[in-house]
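Take a look at this one; I'll ask things after.
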Amino acid sequence: MAGNSFGDIFKITSFGESHGKSIGVVIDGCPAGLAIDLNHIQFELDQRKPATYTGASSRKEDQNFEILSGVFEGKTIGTPICMVVYNKDQKSDDYNHLETVFRPSHADYTYFAKYGIRDHRGGGRQSARETVARVLAGAIAKQILKTYGISINALVTQIGEVCFDAPILEEHLLFSTQNELKTADEITKVNMQASIENALKTGDSLGGVITCICMGVPAGIGEPVFDKLHAVLGQAMLSINAVKGFEIGSGFAGASMKGSAHNDLFEFKDGKIATQTNFSGGIQGGISNGAPIEMKIAFKPVSSIAQPQQTINNINEHVSLSIKGRHDACVLPRAVVIVEAMAALTILDFILKNNSSRLQPFDTKN
Amino acid sequence: MAGNSFGDIFKITSFGESHGKSIGVVIDGCPAGLAIDLNHIQFELDQRKPATYTGASSRKEDQNFEILSGVFEGKTIGTPICMVVYNKDQKSDDYNHLETVFRPSHADYTYFAKYGIRDHRGGGRQSARETVARVLAGAIAKQILKTYGISINALVTQIGEVCFDAPILEEHLLFSTQNELKTADEITKVNMQASIENALKTGDSLGGVITCICMGVPAGIGEPVFDKLHAVLGQAMLSINAVKGFEIGSGFAGASMKGSAHNDLFEFKDGKIATQTNFSGGIQGGISNGAPIEMKIAFKPVSSIAQPQQTINNINEHVSLSIKGRHDACVLPRAVVIVEAMAALTILDFILKNNSSRLQPFDTKN
Amino acid sequence: MAGNSFGDIFKITSFGESHGKSIGVVIDGCPAGLAIDLNHIQFELDQRKPATYTGASSRKEDQNFEILSGVFEGKTIGTPICMVVYNKDQKSDDYNHLETVFRPSHADYTYFAKYGIRDHRGGGRQSARETVARVLAGAIAKQILKTYGISINALVTQIGEVCFDAPILEEHLLFSTQNELKTADEITKVNMQASIENALKTGDSLGGVITCICMGVPAGIGEPVFDKLHAVLGQAMLSINAVKGFEIGSGFAGASMKGSAHNDLFEFKDGKIATQTNFSGGIQGGISNGAPIEMKIAFKPVSSIAQPQQTINNINEHVSLSIKGRHDACVLPRAVVIVEAMAALTILDFILKNNSSRLQPFDTKN
Amino acid sequence: MAGNSFGDIFKITSFGESHGKSIGVVIDGCPAGLAIDLNHIQFELDQRKPATYTGASSRKEDQNFEILSGVFEGKTIGTPICMVVYNKDQKSDDYNHLETVFRPSHADYTYFAKYGIRDHRGGGRQSARETVARVLAGAIAKQILKTYGISINALVTQIGEVCFDAPILEEHLLFSTQNELKTADEITKVNMQASIENALKTGDSLGGVITCICMGVPAGIGEPVFDKLHAVLGQAMLSINAVKGFEIGSGFAGASMKGSAHNDLFEFKDGKIATQTNFSGGIQGGISNGAPIEMKIAFKPVSSIAQPQQTINNINEHVSLSIKGRHDACVLPRAVVIVEAMAALTILDFILKNNSSRLQPFDTKN
């Protein structure tokens, strides 16, 4: 109801403010018996760290997580898993100049309008710091999905005006995990890096696009009508800070195609049902068809820029604002793991829901 | 859980198959005391009827609704409102040739993969006929929103390759309600009509884009983190049949803008807080800022086309399929009222949720 | 949220007022593939009919149900099942004398306090007529439970001051299905009948107790902490009109026992784990232990009595009220099937939830 | 779904095992603007501490809580409030002898049957230690209810065979807060103390009854049908460890009363609507009527007793078990604050829900 939970069966509840004591998450509904890989969770967390690429924030965010409950002798036991990262670098003095000012295209004003209260410390709950909770929970979701042979891979396909437009092959996915901009090939990386450096010089910022591909999801996953698989994936992605657009399969390009070109023809090949094309993006009528699930997610440019901007304060005076502090010129590379986390959380939840779609023989051992 | 409900407080549950006995909806959580305008509900239903424009389906869908509960002496009484449209024109024989065939880019195969059962009569539950339920509930949501001074207006801004790209003014909204293609001006209408006729001649189909604008939503509506207002609007729109993309505000275009251009600068004007531009689309950090909420929704071309297509049947044989029956070459004009319904349902639910955001003096009369 | 839904996976939404057009229910989440036994549903409905026993209401409630959706060729198809009973005998004139009066121990006043509106026709939504919805849904739940070897049996163990106190044996369950008072043996039946007749003569009414026994529920069903199996069974039973008390296992009697007497000692017998006694009522820590689940449910006497009573009207005047119309002197026998329905709905929902308790090998066919 | 959350708007999620790192709770949906009284929270926590009365456990539970999120400058800010108590006294060696044994009337066996995993350390999640989470959240709920003039008071009215049967007056409520057994008067206290000492001597344990009274709840709070106020109160109470029965108002005694005696006659007195008696327990048709809400909750005797008992181990061998460690002979006095917490959480949630019962003028400031 109040918006801090996601999922129905594998349900997560996120808590914590940017400069409060901690950021954390409770997972309720994680099946018992999973051997947790702590190194993998840490690896995932490290992906959203302010990175080494030029133009990334220099805030030293602490990233060591602690498991407070739900794991015993290395395994999940069916009880809620609480994980936290305690905030150590809490120099909220950096934000004192923001106490009375509404930053343009931030959520300062809207939170104040809603709650009647202002937490000016680094954006409080609106900060992207909150996504630590998603990455922690997403890491566990990924570990379960892996036991099902499902993999989730996202990569940066656009930063500013630099796009990677070719079909995404396995070699691109591999390359994306090996470069700090998490993009598809060397030439795109170089061009993106140049764009970011240019934005940085001018005190400006850039947006971009992340493409996410989920492989191994069997046909039949999803719920019809309001909870179509791609509809909930859409909510999941649009809930990430700065996201302004979502496409499944052909997306907006599909709007100008003809039906005869857009329809994905079925064929029976190598012993299984497949489609010749994948404009559907792996989902038809809200339910997976066994093809890779493909999404694109558009991010607006970062709102915190060094250039002075006009705005108002909380007594309606016009003021000029130059945002200090440590901010990214482009967050796309750091957001890749967040996109993956939201995809993993969504798909796992739908797989667990699917257990009840058909009348089944009852296993009394369960 | 099983996907047929939407909303938390103003919660609707949709039921019914295309060629079953009825399509209907139960609204649980409609506030008591609303004087229901039956004519308005019928007017809304009529907007999604197979229309007079060339290229629309000729199926004579019955559209007379009946209220089975929840209204007494013309007013809502706080109990669940059940509304149904009984299906009369159920010539499901038209669909016998589909009993064993999976239509390309339909949900025949995915439903079968999920449920192990095939309802071949006009698509069963996957049919857009289900949206009757949404329009019925949406009409009541609109009536409540009207008492708050909130209006929801959608119009067709693209069909196939014909686009209306100019800023949308009040005159465009007005024109859209007065032409059968529900588009913004005369020239666009003429071009769209030509495109549709052309598609029809070639046994093909078209997609397009609907733009939706919500005016009068005050600042402070929305829930942070996972249930951001635009994230749930995104789910709502992506849950409509054939939708492949969603944008709030700048959308994918925002991805290539710079922060200095994209930031919506605040100003205090005419006694209230406003922004000079609206790339945010009326929502910041998931919460409304008082500006118009602006969305774009991309629809793929209709999957049912007259041209023969290759596909497979349920014993994995390759077959050629020519879809008979009465189908639209383009559904966009009929989908306008559905988009509006989903927007109204979403925004009303968030307004009701917002009642508990702040500690309030307790009204014992309530 | 607004209270008309029950269950998480097998979720029902009830609608309809006593003297409105219909009473009905939507089941969302019924697994596909169940062959529906229509005769059994009708049989169940008939159990809650105003019966032949002296002291039962003579209202001719229509009891013919219709399935509006979710069933195709006799089987559930995974889509929402809507079932309705249209109200035919709507002589709401009988209730005109109640339009301005608050009946003692009815919900007239509290509904008015909540909604600001009065539906005086036979109690509107507060009427026990609503339980038609529960029985319809419960019948389908029972049919699924039967495929798992689970049976639900309730019987009347107290009416007024007449109690059946002996341990309940199979012969008692059998007898209860064969007599109109649904009690355990002949002597109790005769005494109960005499009590009811006496209450009727004096224009008075009686309450009583129903005992419910669920057999065949395997060990391991239930959720810990807030959704303990017996806690949700408690909610389910307390949600039935006129219920004032609920006991699982030893109940209030257990409060005066010593631990050494109350503990159910485990033993391994006939190849399975069992307990020597069953003070736990088949549930330990909120999870079933394989023993029969045993509950007692207390009903207050019917509020509508023929004797004149003092009350107030809606302008706060004291008035004397004699309730006309057709009312039961004792509803217990009619409530047996309602108790069973709520037990079946609860247990089935928990069985479906249990599918996700443990990490499982993934069945891609599912 | 997985049972660790309670409430719809004021929603709590409990986490932590008895001998894990921490016990904690996340509150999502706490209105912004409440000045938190930390001393009151600590006071409440102290009420459930192993107390000074003879027969209470001597485990030194750490009870210092920490707020990890959701409070800024002493006030709630509308974001999730996470509170934890870190477990320090984790001598789980005490429990090694239980690793392979199923304790009678504990949840060892049922958890194992459900999850396939055994956390033998002090009962893990089934331990009453979990109720720390409820008391923390309940304290905040009470603080909000206080601003509405609502008070929640529970007291011990039965331990073993010693009962306090007289009507509960304000002096009894007052006395109960001033004695360690939390009972109604001196003579009952002395008799209860003697009973407990006797049970202790014989290595046995006692159950009892807690009565809970909520004053100041206005008429009109509650939701009809499945979420009747007393039905959810029933679930709330039955979810507390060891509870076997629940009564609202007349409860089981009401089952043997006649309607003419049980009906609560309305009167208009001192300018407001009231009832002459309160067999309804303050709730009619699931909605409050303005009278005090009165409930009774039955607790079974503690399962952990010093006397040797027969049971089985995890390879189905019969073994004799003597439970070591620090256990209460009677938990009733410690459970009073838990009962109050669950009542407060339930009633607050329903008050917040009630904000949407009627169509209301829209406050754009909100």
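Order as written gives the chain letters A, B, C and D; numbering starts at 1 within each chain.
By definition in this document, a residue touches a chain if its C-beta (ideal position, glycine included) is under 8 Å from a C-beta of that chain, and two chains touch if they have at least 3 such contacts.
Model, not experiment: these values are computed from the prediction.
Participant: When A-B is set beside A-C, which has more C-beta pairs in contact?
Facilitator: Answer by contact count: A-B.
Participant: Centre to centre, using CA atoms, which chain is the farthest one from chain A?
Facilitator: The chain farthest from chain A, judged by C-alpha centres, is C.
Participant: Using the average of all C-alpha atoms in each chain as its centre, how far is it in Å between chain B and chain C?
Facilitator: 39
Participant: Taking each chain's centre as the mean position of its Cα atoms, how many Å separate chain A from chain B?
Facilitator: 26
Participant: For chain A and chain C, let me know how many angstrom lie between their CA-based centres, rounded off.
Facilitator: 45
Participant: At least two partner chains per residue is the criterion; list those residues in chain C.
Facilitator: 1-5, 8-9, 14, 29, 32-33, 78-79, 111, 114-116, 125, 218, 220, 224, 354, 356-358
Participant: Where on chain B does chain A make contact in their complex?
Facilitator: Those in contact with chain A are residues 1-6, 8, 14, 102, 104-107, 109-111, 113-116, 125-126, 130, 158, 160-161, 199, 202-209, 218-228, 230-232, 234-236, 238-239, 241, 244-252, 254-260, 262-268, 273, 275, 279-281, 283-290, 296, 298-305, 307, 309-312, 316-318, 353-354, 357-358.
Participant: Name, in rising order, each residue of chain A that touches chain D in their complex.
Facilitator: 1-5, 8-9, 11, 13-17, 20-24, 26, 28-29, 32-33, 66-70, 72, 75, 77-82, 84, 111, 114-117, 119, 121, 124-125
Participant: So in the complex, the part of chain A that touches chain C is made up of which residues?
Facilitator: Against chain C, the touching part of chain A is residues 8-10, 29, 31-34, 76, 78-79, 144, 147-149, 218, 220, 224, 351-352, 354-360, 362, 364, 366.
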